[in-house]
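What follows is subunit A paired twice: with subunit B in the first complex and subunit C in the second.
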Partner chain A sequence: MKSLSIACESGFLKSIAIAGILVAAPMSNSLAAGVTADDIKNDATTTGDVVSYGMGTQGQRWSPLAKINDKNIKTLAPAYTFSFGGEKMRGQEAQPLVHNGVIYVTASYNRVFAINAETGMQIWKYEHRLPEGILPCCDVINRGGALFDNLFIFGTLDAELIALDTANGKVVWKQNLGDFKAGHSSTAAPIIAEDKVIIGVAGGEFGIIGMLRGFDAKTGKLIWERPTIEGHIGTLNGKPNGMTGKLNATWPGDLWKVGGGAPWNTGTYDPETKTIMWGTGNPAPWNSHMRPGDNLYAISTIAVDPDTGKIKWHFQYTPNEAWDYDGTNHTVAFNNGGKKLAAHADRNGFFYTLDRTNGKLVNAFPFVEKHSWASAIDLKTGRPIETGMRPGNPADSADGKKGSVITVTPSFLGGTNWMGMAYSQNTGLFYVPANEMGMDLWNEPVTYKKGAAYMGAGFSIKPVFDDYIGALRAFDPMTGKKVFEVKNKAPLWGGVMATAGNLVFYGTPEGYFKAVDAKTGKELWQYNTGSGIVGSPITWEQGGEQFIAVPSGWGAAVPLWGGEVAKQIEGINQGASLVVFKLY
Partner chain B sequence: MSINIKQRFYFKIFSSLSLIAAVNFVYAQTSVDPLDAPTWETVHKTMLFNEEVVFDERVKVVVPDVAEDPMNVPVSVRVGDIGEIEEIRVFADLNPIQKILNFYPGKIEPFIAFRFKVQQSTPVRAAARTKDGVWHVGGHWLDATGGGCTAPSVSSGLANWEDTLGDVKSRLWSRKDQPDRLRFRIMHPMDTGLASGIPAFYIELLELKDSNGDLLAHIESYQPVSENPFFSLDLESNRYQGLTLTGHDNNGNQINKVLQ
Partner chain C sequence: MLKMKIKCANLLLLCGVLFLSMQVSADAQAETTSDILKFAAYDNFPPYSYQAENGKAEGIDVDIARALAEELGLKASIRLVFADESLEDDLRVYVWKGHHVTGPPADVMLHIPYDQYLMKREDKVNFIAPYSEEQVVVAADTEQLGGNPQITTFFTNKIGVERVTMADGYLLGAYQGRIRDNVVHYYSIAEATQALLKKEITAVMGARTEIEASLGDAKANYQIGLMSMPGIAKPSWDLGVAVKASNEKLTNSIKTAMDKLVENGTIKQIFNNHGASYHVPAARINYQ
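Right after this comes the complex of A and B.
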């Protein structure tokens, strides 16, 4: 005598019935309030949490907290160190988030940890199983996640976007961002714009097509896709939503079909103008002789409507780019003199101040000492004044196999790289983690093959100065005046944070987490975290005390690609931890 | 043997049911662990939350006396006629991960067979919960040389495991005077997380639905279920076609297959 399903009647099975991509109904954590779209919009001014990448969706990496300040910083000391554990270390490039007394941080190999922010005890851990054939360009790093409602959302090296339940680390939904075997991967933190989660994709060295996507943050449903290379068609709710640019306007022949332009870093969201500003990477291949033209919208900031994925405006930093000067650096919104502006320190060595309502150039100046590829930026046209220092065309060589070699600055690792600069609302200055490196560069013929490097270039990186590579530099974005610099022997590869305590925080590969005076650059405090810092710090307030957290763990692109520079830093040991500080 | 409180309780229930139910009472039920394992009190607490329990030989757990391959120990659980079964939990007292599988038979027979990994000699138990909330527990001692849970999966050493991840092969056949037998295999490493440097990676949920999409059965599986696991289930004869199997692993990878 078989009855109907007892379990169904009990309601148990109903609660886990799944639809579409939803993996599991979110576990009931209704006691803890989830993160709302307003929480995220207001993140920069609320000091009790950090619920967005950039410590505010405008990406200023600024905190109004001043409990820790230039007067009392001497007593700043670790409250605890949390180990990411395991046998896996490598680069720790994340920016943590904090909400309701819980820290959410990603680690190398796509691990995610939820940590009690007061005690440093682990609440849960998620370990993503990575396939063998992933093709990340620059170490098995991850730069962080986004919080929305009861979800922690992050991208993986095998090109998935995964939403975990903040209560227990279980997968709630996930979405595919591309074929990892063709070179797609994801290392950047997604952002939340209104009720959507926005993420790009990496893989420009493999001839993928850059794609920015907006998903319903709650359900993971794809809302829109915006290809970053002209000729490709975007979508909105599954229907075509217009071509990016105009076919063959700035790309010859068919090369746009494998044109790169990967938006591999994180963008920013400006609620004031309701605009997403996202940087795009190099056009593919590196060999620019194959693709005469500006090659839009590679090496640009694209301003995108969060509801439709339409491009409102763009600004291209390096037309017909030939040096791997990705335009992926954060475009940070700030206001000055009643104007809505945005700042962008580009890999090409120049700092740009834009009008963020229309993308028009306001100011541009070099933030590195050496920029031999271009002497300046033409403030009228926004285009670089090139010096003619492009690698030679292989077709001009005797055997057609290798073009003439140039030695050029900056290197392809950039005047700066993925790491976020900070803006102080008190000093009005931007604090840029800059690097002085050069490279030998040459071009070779190349044809596209799925999953194979599509570069057509060879290179070797070298230092420029004997005494330093990295430098934290403070600039006035309106005048271009360099207010101070703090030199560092190794290249800087971590994010910067400014606070109302007249402090600027940043980490070094040598392991030091440092605080300098925001007006003068005078070093006020440092602590060695035991391994190189390539992550981004945050600060928040809890129980009346101000806390500061920074991931520590050496790795990422420099040791892999650094050539002569890598030799200088090979003595730095690996680590994998989150160090949290407070005053004692 | 004196009749304890629990048995009196059952006597009351069964005597109020049909004659068949009353006949069932001749099967041995006891409150003392027939396997005489020192771990019983612990697993009673961790696996069954100290809920009411009776050892009942009608819950048949068939495992070999000795595990020839600790990575692949065949086990079958069949619950005799003790009424409607809401849930069956399968666990091994002395495994480092005790919980093996929870099975909600729903509209199908209270039978399941599969393979699992064993670390050392252990009782292997199944607990079947009847509608009155009582767990009927059966079990068998499994002798094993061990190591099944701390060894890496075979596929974790292969370059292409991701190509076949979640693939399902299945067969449904009818048998004379018996329920139809459904057997399916899912490609999955089922890593326990106890092998050095390899995170836990395992199928968490499987749901069997009929062609209308109605749920027939529900399986929650855990790390000890064997790599590329087989499952066998019994279904009412000649009733089902176009069954679908859906589910996911702990990384959110989907399983979705119309069974042939």
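Right after this comes the complex of A and C.
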């Protein structure tokens, strides 16, 4: 009975989708060409579309468009609002894409929508059927997809990589990224590097081994796999392709076999050096005392060859990591003074400027006020100068009592998290969505997992300051100078965008989509979208006008983990929509 | 275009009819659900609870659920669920709150530790009806290790564990890490005992019930028992069930039913049927 009713519902929807395609057909057919590898490489400079995550594969979230600018922003207003609909609200963390007048955007519960970019009318909808009993760790979110040729490619909560036909939303190919029952999952947007689609996998908390994969974007054929933890062997065209790192160089015993390092966020691709830069998650098990050593390549950026999946260089942010400071934040390519550089604002609270030809550290400085676990980064070695705030070893205190409490900043939610910062090619500044939170940590005498005793830790998150948690901060990546900050009461959890209109755009959990002056941080415009913003904005040009789109819909990790922070986000209502703006 | 619209309209009509009939059948079902007791048990967890090849739930906890339901004159509906990162998560999702993807909670969850410390921390559920004691034991291959292995034997011999268990945490930290390099990690006890049978390792440390059942008839060839483990945080714990705190009536009837099943030997028999020895929960010994 139930299955019949579902079949009926989708049949009904499908017929709407077909009807919609007939309407949209003249437009998409007249510009029928699919997205090429060159379109993707040039995405950051072509203003008529956004065909890659990060608005350009280097991940700068920068647009040279200036039709909307600091002079006329006052008249920016919604052109339309598109509802993702149904009862399925929750966190909308996506970055939309737009090509040939069609917006492609993912929504919570692994839905994908194609929308007429001019009118806001739905063209088609794809609803992924999640398997029964699946338990996503951090809400039912998805961060976006990749376009290649006539395909829209995205990952699912049950660890599939799916390519849809951009014309009708039908599945063209599917690939498995792991066993969701063992904790594998996918929430991040894949990227295109040359003719390959690259994606990682989530699930480090279940002890899976991080794996980055390159597939033929057209056919979905697996080309290479690169495990992120030393000792594991990669593959190329189904054959062994060398070990990651050197066996037991930085891991004791056989712990590398179950070592974590999930590359669960999106990476970037730098066509100038032909290098993928991808962040890796924390090592397992959680207790750092059990795995003495640096534990490579957890908590690192790995620079990977897009053709072979070989690691060219790496940079590790938090050696022998102990605080859940995943190193998965984006590593953004930019050039300065003739140098090819990369920037990375890490969960651990420090901003790193690297030479992206070799991974050598150029500069590092804190982007949060409070970073009690380390006082600074040693610029010679690239290693943190730890302060001794490492959580204690539960093996030292098996006396049946709660261990002593230490308070550490940043919290495990990070100085920043999954969301992308932006870089302005005009100001030379990075705009970082930062959060000031700390955590109490203690060893529990006993915790239980799957009905069995285990030595675990307890934690509680709390704000650091009374008046704010979130702050949009502008930094000079060369000097570390903080040029401005804009405080926000609730934590910032969405992506940032900079434009040549001297504007920086970002959203807040309170629901506001805001624009500030890129040089001074002065707030110039805001609009309340009706629910919290945890997605990433984009901008493009169409019919001579500049458009800006941002998903709105509160959810994701903060409300799940909030602790005392929850007080700052009480009363934020759920929502699920894409809001599109233009000048009036 | 016109044709399409007609089709849509037809479908809408059809949907309406189906929806109505679905409502009716759902109501009918609601009347009959009152004689069904909904249990949650961990998936992929032999010999306690797992999906057998025929697709049905099987195992010690599944048999206990059926026996409890029978005692109460109800039918058991058993849902095998994924273990989340911690017990607190499982209690929230499967016992007192539910989850926006997996749906409403069960009435009773099996295999929940019966522990005073836990009871103090979690006020949303009742921890009741202890039915067995789980112990951390070592199964040692005395052919390889000789007659009297100790924990220190593993300074120089390979010992297998399931990752992220008490045994794993203990061995990695014990004796200032002197055993660490000899700890071999597996994703399950079944994988570890397979390696033991092949003599790839000399011992397995972990939950007694899992080790005994996975060794099957071969367990006679191994020395299985408690060892002196200086500094271990928790060498044994009781297993019971969890019921939502507000559900007092169910709490009381489950308690009474479990008391009977433990006292009349049903629980012991269930453990033995699955190839495991039975150990009376410490909580029951203490009140006797």
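Worth a mention:
One rule holds for everything that comes next: the second predicted complex is superposed on the first by the 531 of 584 C-alpha atoms of A that agree within 3 Å, B and C clash if a C-alpha of one lies under 4 Å from a C-alpha of the other, contacts with A are read in each partner's own complex, and residues count from 1 in each chain.
Please note the rule applied: contacts are C-beta pairs under 8 Å (C-beta built on N, C-alpha and C of every residue); 3 or more make two chains touch, one makes a residue touch a chain.
Remember, predicted model here, so these are calculated numbers, not experimental data.
After overlaying the two complexes on the shared chain, residue contacts for A:Thr447 are found with subunit C alone; subunit B is out of touch. Legend: residue contacts after superposition of the two complexes on their common chain; A:Ile162 is shown touching subunit B, with no touch to subunit C. By the touch criterion stated above, A:Gly86 is placed in contact with subunit B alone, subunit C being left untouched. In the superposition on chain A, A:Gly133 makes contact with both subunit B and subunit C. Judged by the touch definition given at the top, the superposed model places A:Leu361 against neither subunit B nor subunit C. When the two complexes are overlaid on their common chain A, residue A:Val258 makes contact with subunit C while staying clear of subunit B. Contacts of A:Val405 after superposition: neither subunit B nor subunit C is touched.
For subunit A, the partner touching the most residues, choosing from subunit B and subunit C, is C. When both complexes are overlaid on chain A, the residue A:Lys174 reaches subunit B alone and has no touch with subunit C.
Contacts of A:Ala566 after superposition on the shared chain: neither subunit B nor subunit C is touched. Residue overlap on subunit A between the subunit B contacts of one complex and the subunit C contacts of the other covers 2, 4-5, 8, 12, 16, 18, 133.
Of all residues in subunit C, only 1, 4-5, 7-8, 11-12, 14-15, 18-19, 21-22, 25, 42-45, 48, 79-87, 90, 93, 99-102, 111-113, 115, 117-118, 134, 136, 163-166, 168-170, 172-174, 177, 180-185, 187, 207, 231-234, 237, 239 touch subunit A in the complex they form. Residues 84-87, 104, 106-107, 109, 131, 158-162, 189, 191, 193, 196-197, 199-201, 205, 207, 215-216, 218, 236, 246, 248, 250-252, 254 of subunit B touch subunit A in their complex. Residues of subunit A that touch subunit C in their complex: 1-2, 4-5, 8-9, 11-12, 15-16, 18-19, 22, 90, 130, 133-137, 140, 181-182, 205-207, 252-255, 257-258, 284-285, 287, 289-292, 393-396, 398, 400, 445-456.
For subunit A in complex with subunit B, the residues that touch the partner chain are 2-8, 10, 12-13, 16-18, 21, 23-24, 86-88, 111, 127-129, 131-133, 158, 162, 170-174.
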